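Should a chain be cited, it is by its letter among A, B, C, D, E, F, G and H, assigned in written order, with residues numbered from 1 in that chain.
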């Protein structure tokens, strides 16, 4: 196990080949100075490790779990079924499937009533937005973070105008 | 405008024909005694009303916005772009589109990086899960609510065993 | 729990609303006199019950597990990850999803390398074929059953000719 | 802001990475000597800029707005909801989405009744045709332009015969 | 032939079974007092009639052609290739195809570069929006019509607020 | 025009960029010594040329028309509507569309009742099979050709065994 | 077996439940006085019967084989692999599959290079067009039939004009 | 023919170009020391060879047949219809089809009731899992193999933890 103390957001992925995509989430969290960890576990290859992780997350202070998985992406749903924390799912366009992440999207978003998973877009955009969604949630009770989020949103808008000038 | 005081969760929909589905969210919130409102506005037919709503939501104490919309479902994204609050999107299988909610799903979930929307499953299951996701978020800072959520989760599991006996 | 002794094939489903479809499997197994049970458990609503079931199945003599599930159908994969037995997955066209079982199909068949699930067609045809696949497997070591299977296959062919005469 | 005087057609895009595709529209308009501008704004990252642009377009003499956007392509619909001008939408195969522009297509074309967007094909062919559709509209009241359009159409036909000879 | 004098918008459809849907376009045009006609011709069953119609439309004063067609919906493209007028295509969910209008959508929108068709949503919403797109185009040179369009747009917004009160 | 005398099979395509694929059909016809021609015409860019071609084909002795087209592939249907000859359609995966030929497939195969097009697989396999289908048709009245076809079919089977040995 | 003498077109289907759709083909052939038969055989349930049928068809004077099948529709391909005759495939929207004939369409049309199947539209339109395609082929060597086909085509066009008058 | 003695699992493929993918299955079987063979036969190009193979497999001691095929992948179904053995189908993303194996998936999994095929994921993951499914079946009656399988499953889980440390 590799669970880090003080972690607010846990970024979980099913395979180390998912790391280049899920790092998008980590780098946003770093930018906003949110303590986070990268955790590797597979719904199918390491089900016990997954259960242990999910069962302990709330107790050790984690607030939000971001899960990236490809193909028949069961990991987000499996974790959500074993924790009361909000789980954000990022469908991945796994190199092992030619279905460009579409299988992962349906496996992540079509959760039956009772156990919610918050699905993001497939791939990098989704990983980035997963972090921003976590920040929106954490900012509900953290004015300082809310201030940073407002700045971030304003800068995105300003950036569009700058890009216009460079066009 | 019809914005209710003390509202923690705002359930927004683009058309009153979406009400039968979005009531699933409302009834879960009622069950958990979360103050909520039903708000009608269309991304396309009433863009100003939508902007006003989105711009004011955080200021009047709303914490989470649940948005249901069908077809080219822009409403969740449009609101998310004008508020720092977490927005949960429910793609609807509109009777006006024969694409069974698939158009709404892609329009909701495939948000570009920067502005996140938490997508749920299409239709009733998604509306129900949107409320449960809102509750998971609110329970992060509300132990009483967290207790209710734990009971709800346990009862779902117990229910499966009861159903087995009736089989 | 409701686990029956002497069971060779366990038919598992996520919801009692799946029963009308999964009975197709049961009725084929009855026709071939294979001891079987109907077991209700949900990957998401009753994860512990699911783990207990999966972990015990091999030990109590079950040989094959047939799993029916709809939407983001994780149940077959979750069980397969916790048992060394062959697991056959039947994607269901759940009334709670407008995607006609297509979401369940991809969630069932697109298993990542390491943990196999044998996917059948969506719905009734798949449930029937799941039982026939179980029989093909059991017949590998049971000559009597193999005889019945040969008769069944011959009768299907004969039936086509009879139907021709009635045309 | 960068709004050019005398502009008849405004080509709007959500990101400067869309420029290589949307230039196809610009080059056709240049060929037909239609005054046009390239305008950068995002439905999600710069919603105010988008509203300002849409609200002012008709007043400053713009006749037609061409909008290119990828993923959950809300930009064309959001602009169409804030102007009475004809809006032509070009779904883009964004490098940030593995769904090859299919998400953008459904997000653009499946507009609910009330606010129309004229959808073109995904990508370059669509960008080119967006310009040609704008020209067909402008040619309704401009005989000179209609003459050029007739020549263009005739030359396309002649070109086919020339290509035959080179085969 | 049945071509009516003074017609500004021609509503064309491939089969009389398309009439219930395409009447949505006609009723909007009637509401805005735009002279229009209903014209029946099939790209495949009456190709000559289609060519004659397309070739004559501009000359007899028609400004915009709205085309509804289902299945392999070639009619809009075939007409667009034989007229310099703007052509608006409405993909129909033909009862003769189980593909819910998806085949018609791709056949309508994926026009190759050179000959544009303005695609609308599948079915009734698309038919209604086709008329509103025609009105946006005609309003470019008709201040009176533009006034009516502004009222129509305002009333849609007001209607949302009224519906809210009835909720 | 470039119509060759004695031609039995005409291979038509909408663009010279389709030639590398459609040559698969030509090379099979050459192998079977069937007189054929390559004809370039576009349903949309050269509609008159297309009509002329289709109207004359039967009269000048052509027996079968093979048509390759991409995107909203109207060419096969448009030709079929103007000739009583059998038309074989090959959907192409045009580089101008990111939909990998799926749009062309639906535009080709979903012909409404009355005017048939014989659709082949997308791309090279389809082009090759279009020629083989033409040969199956011509062989109905040509014993010599039928003999060659029987040899071709036998050699395909023999080839599989040879490949086995090389495995 | 039930093979009728003098048969020119054999209409084959995998199940008697396909009869209501495939009768569309039969009724067109009756209208054109083409001797035909209805033959029931399943690629999967009666493979020997299918092989026997395919192997004998050419020898007993059949010219064209029309095959209707649903789900993983292998029947047309399996027959085409065992006869040198032209085979026309009609994908059916089987009540046993919720995929509305889309599975049957891909299973029919995506034949690998070497063995062609001429795919028609899904369902009734496809069954009707299969018969018309057979007639186009037979008319190549039968002037009388060609005359009837020309009349049929002309009447379809006339019918459009009549329908216009009834509008 | 190339049928090897003592073979327990036969890996069949339609083309030698499928070998790089299907070798994944072979290498897993080698790792578990299961006697196996690679057999090349095509449902369409060598139907007799396919029938001979299927008819003889059970008699010569083969227990399980793994079949890889692309496009309209009929091979698994065709073999399953001629043997009582369990057949596992691997849909392949053939380079000859741009539909990324989706056509093969539906052609493999959507088998009608009566003749089952156990479908795996598209491509390499599916080939690997086909071997693991065969091993799960064989392990039902082979304690030694069951032991190896348990080790394999445990090592997969351990591997996840190792990868975590390298992250």
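Throughout what follows, a residue touches a chain if its C-beta (ideal position, glycine included) is under 8 Å from a C-beta of that chain, and two chains touch if they have at least 3 such contacts.
Every value quoted in this text rests on a predicted model; they were computed, and no experiment measured them.
J.: Which one of E-F, C-H or B-C makes the same contacts as A-D, at least in over half of the residue pairs?
T.: B-C
J.: Higher C-beta contact count, E-G or C-H?
T.: C-H
J.: Provide the C-alpha centroid distance between chain C and chain E, rounded to the nearest whole angstrom.
T.: About 50 Å, centre to centre.
J.: Compute the distance, rounded to whole Å, between the mean C-alpha positions of chain A and chain C.
T.: Whole-Å distance between the two chain centres: 33.
J.: Counting only Cα atoms for the centres, state how far chain C is from chain F in Å.
T.: 44
J.: Can you compute the centre-to-centre distance for chain C and chain G, using the mean CA position of each chain? Integer Å is fine.
T.: The separation of the two C-alpha centroids amounts to 35 Å.
J.: What parts of chain D, by residue number, touch at least two of the other chains?
T.: 15, 42, 45, 47, 71-72, 96-97, 99-100, 102, 109-115, 121-122, 124-125, 156
J.: For a test of understanding, state which residues of chain D touch chain E in their complex under the given definition.
T.: It is residues 24, 63, 84-86, 88, 105, 109-122, 124-125, 128-130, 132-133, 136-137, 139-141, 146, 149-150, 153, 156 of chain D that touch chain E.
J.: Flag every residue of chain B that touches chain D in the complex, lowest number first.
T.: The contact residues of chain B facing chain D are 14-15, 42-45, 47, 51, 70-72, 74, 77-78, 80-82, 94, 96-97, 99, 102-103, 106-115.
J.: Would you pull the chain A residues touching chain D in the complex into a rising list?
T.: 93, 100-102, 121-125, 156-157, 159-161, 163-167
J.: Hey, which residues of chain F end up touching chain D in the complex?
T.: Residue list for chain F touching chain D: 1-2, 15-16, 19, 38-42, 45-49, 71-72, 96-100.
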